[in-house]
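Paired with subunit B in one complex and with subunit C in the other, subunit A is shared by the two complexes that follow.
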Partner chain A sequence: MRGIPATFVAVLTAVMILLGYFVSLPALESARTLLLGWAVTLVSVAAIVGVFNLVAVHWRKLFIPGRERDVYSAFFLLAFFVTLVVGLWLSPSDAQYQHIVTSIQAPVEISLMAVVAVSLAYGVLRMLQRRRDLMTILFVLSVLFFLILESGILAPLAYNPLLKQILHLVNRIPLAGARGILLGIALGSLTTGLRVLFGSDRPYRG
Partner chain B sequence: MNNLDLILGFLLLLIAAIFMLFRMLVPGKQTGSSFRVIPALESMRKAVYLSVEEGNRLHLSLGNSALVSPAFSSALVGFNAVEPMAQVSMLGDRPPVITSGDGGLAILSRDRLASVFRAGAAAQHDPLRSRLCGVTPTGYVLGAIPILRNEKVSTNILMGHFGAEVAVLGEVADRSESYMLGASDSPMAQAVMYATTKDVLIGEELYALPAYLQSGRAFVASVRTQDILRWILIVVMVGGAFARLILSLVGLQ
Partner chain C sequence: MASSIDLVWVFVGFLFTVLILSYVLGDNPFFRLASYVFVGISSAYLVVLLIYQVILPRLVQPFFETSSSQLVLHLVLFVMCLLLLTKLSPRLARFGNIPMAYLVGAGTAVVIGGAVLGTIITQVKATVAYRSASAEIMPGIRVLEGLVILLGTVVTLAYFHFGARTKTEGETPSRPLWLEMLSYLGRFFIAVTFGALFVSVYVSALTALIERLSFIIQSVPMLLKGLG
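For the complex of A and B:
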């Protein structure tokens, strides 16, 4: 029963926002802007709740007995509280504060991207062990082919008009594939949105 | 966007809505079980039951899309997987863990999980099993790694919006010898998952997933609508290409 008012509000809001998108009536447009503003505020509040959840999880991981105990959670909590206190004291817009935070965050994120590159190279090698079908062989061959193509080794071939045309055509194949996938995803998103609009798909339970 | 784009978009929406409503009201003979077999989903089913049988944990990741972003539709699909997965997990010793990279997703997943446990085994419910792992894409991946390693997870199901950084999760799952199914709305994540995970859903297969997991009329209707719209798009695109070719041959373009 609790779900009925929530569904009603969600469907009504969705219809108003959708109409505000397609029909240019000042009243609908202002309602749409107002509702989206509320949504952004709610998302910000949800982010704060999520951060509390993150802290609670790490606090528990620090004291839970057994395999799930994680001493690194202590580093997380220490870094979190130091960043919070210093941020509240200096304000998040303080240049020095931003410099310190980004000086720690950026190298960590860049290191992870380096790990991603290694993981991907290793993953492609492992693929042939995991799956030995035609699609996997095609995938690995196309990865190798486009790596060679993008490296510029074949650049002298572009002086020949026929080969230039062939290379141009080959370069369009991944774009065509990606476009096909994106069309499918767009249709999937559309029908998922319609399910929410009809009230038959509810991410909230109450 | 110009007026023509808006009119075409509205027409597509209207056609989809009419087809879907018609299919929901007049479902016909076809049900979810009459869909084509997706091998990745069959493997996922086996892995889920196996993890429950072995007393291991199930990890469901909803990715890191914000509630107000277009990519949220992929997380919505992930929410539909929470209920059936949690119901199976209730039979085992360890409740599932749901991770996300957005506060809103974390709250909604907690709500979903709580509703399943309230109906079946309220005493087993642990609210901290729905977690926000990090608020940036890399932060999320770094926060999820300890879960895969230390929490006796043997089945990972990734459904939502991810970037290339998801390769690290595939690598960790591979090292800890756990099963992983990847499904994302991002073509880049799909390519990365194809290389690093055992099973992957390609293209719009992600959006067909609720119809495979649940037997609601709306889910079946939405898959059928997707099929019809796909055919309409194919006809329009191929027809448009032929029309352009003919026009250029007769010298009108």
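For the complex of A and C:
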């Protein structure tokens, strides 16, 4: 009984928006636009709630007695409050503020991506050591082939008409696999969505 | 000639790059320090952006600009936002279930609409009526290409079909033989696809690594010159 109003809200919202997608009536389309606009605002509030929950977790890690203190949380809180106060004071469109934030964000993000290169190479080597089945061998051969292809070493082969056709055909194999995976994800999303729409899954009951 | 302010930001970029790249040697306090600062700055920047670009124009401003009839509708949204804030307190969190249900409902509709209109219909159409983009490809190869695409899509989907039945009681559930064969072929396409995707990600990551190493090489003399 307790969850019925929430289920009703979820199903009604989903049905109204879906009708706006599939039925071409101006009233339904404007209802869809309004409801999606509300969803954008609510998602933003939910994101803010999430961030403040994160801040609360770090605050507790640092200040609640009887627990081992996480000193890194102090750096998190310091960075958070300085950026928040300066941002609220100057506004995010301020060039100086943007420069400060991106001067830290950009190097960290690119460096994390750079670390991914090392981790991926290490991961493939570990996989070769631990699993030596058909899938692994196929995967590694595919990696080697497409790495060579991306490097441009095989570019002169494109002058040979037959080899060009074969390379073109081999390049289509990942496209077919990706299409199958995409369709699988879409079918899975559709099934999950329909379960929520029919009220059999209720992930909002917290 | 770089100004002293520019040098400070080059130093900050250099410092954070070195701290993050130290992860190559394993998890260490320097990497943790940089990642905690990064998360702190990014989350605060997100909050500032959301406040200025969504909350103020979409939630606060309409109170001063809309007519009284629209105001009632806007109040519904405002109340839902307030209810969502109760999720911060474990005691009051259940009051936030209604706006959460609204979000799940809206998300469900977007997912269903996107899956049907954006993926299933378009991808099935593109698979069935496949046309090679390149005009230089021979007609025979084009037919083969279309067949590869069709076969690859079908067998990849078959691989993800995990439904199994038992013929007699007590028997281990298994897939029909034809499905088992299709899914075995699907493994080939999946392995090759993941290999190609891996290479795309790896090349991007490698580009980032080269860029960072080049930044370090360029910024060291600049910083030394600035110090001198």
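Operating definition for what follows: the second predicted complex is superposed on the first by the 198 of 206 C-alpha atoms of A that agree within 3 Å, B and C clash if a C-alpha of one lies under 4 Å from a C-alpha of the other, contacts with A are read in each partner's own complex, and residues count from 1 in each chain.
Keep in mind that, in the parts below, a residue touches a chain if its C-beta (ideal position, glycine included) is under 8 Å from a C-beta of that chain, and two chains touch if they have at least 3 such contacts.
The model shown is predicted, which means the values in this text are computed figures rather than measured ones.
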Which superposed partner A:Leu190 touches (first subunit B, second subunit C, both, neither): both
First (subunit B), second (subunit C), both or neither touched by A:Ala56: both
Touched partner set for A:Met127, first subunit B, second subunit C, both or neither: first
First (subunit B), second (subunit C), both or neither touched by A:Leu182: both
Subunit B versus subunit C as contact partner of A:Phe198, first or second or both or neither: first
Touch count on subunit A, higher of subunit B and subunit C: C
Subunit B versus subunit C as contact partner of A:Glu68, first or second or both or neither: first
Touched partner set for A:Phe145, first subunit B, second subunit C, both or neither: second
Touching partner for A:Leu36 - first (subunit B), second (subunit C), both, neither: both
Doubly contacted residues of subunit A, that is, touched by subunit B and again by subunit C: 18, 22, 36, 39-40, 42-43, 46-49, 51, 53-54, 56, 72, 108, 112-113, 115-116, 120, 124, 139, 143, 178, 180-185, 187, 189-190, 192-194, 196-197, 203-206
Complex contacts: residues of subunit B adjacent to subunit A: 6, 9-10, 12-13, 16-17, 20-21, 24, 66-68, 70, 73-74, 76-77, 79-80, 102-104, 106-108, 110-112, 114-115, 128, 130-136, 138, 141-143, 146, 150-152, 164-165, 167-168, 170-171, 174, 185, 187, 190, 192, 194-196, 198, 202-204, 206-208, 210, 216-219, 222-223, 225-226, 229-230, 233
Residue numbers on subunit A that touch subunit C, as the complex places them: 3, 5-7, 9-18, 21-22, 34-49, 51-56, 72-73, 75-84, 87-88, 91-93, 99, 101, 103-108, 110-118, 120-121, 124, 134-135, 138-143, 145-147, 150, 164-165, 168-169, 172-187, 189-190, 192-194, 196-197, 202-206
Touching residues on subunit C, where the partner in the complex is subunit A: 9, 12-14, 16-17, 20-21, 23-24, 32-55, 58-59, 73, 77, 80-81, 84-85, 87-88, 93-94, 96-120, 123-124, 126-127, 134, 136-138, 141, 144-145, 148-157, 159-160, 186-199, 201-206, 208-209, 211-213, 215
Parts of subunit A lying in touch with subunit B, wherever the complex brings them together: 18, 22, 36, 39-40, 42-43, 46-51, 53-54, 56-57, 60-61, 67-68, 70, 72, 108-109, 112-113, 115-116, 119-120, 122-124, 126-127, 130, 139, 143, 178, 180-185, 187-198, 200-201, 203-206
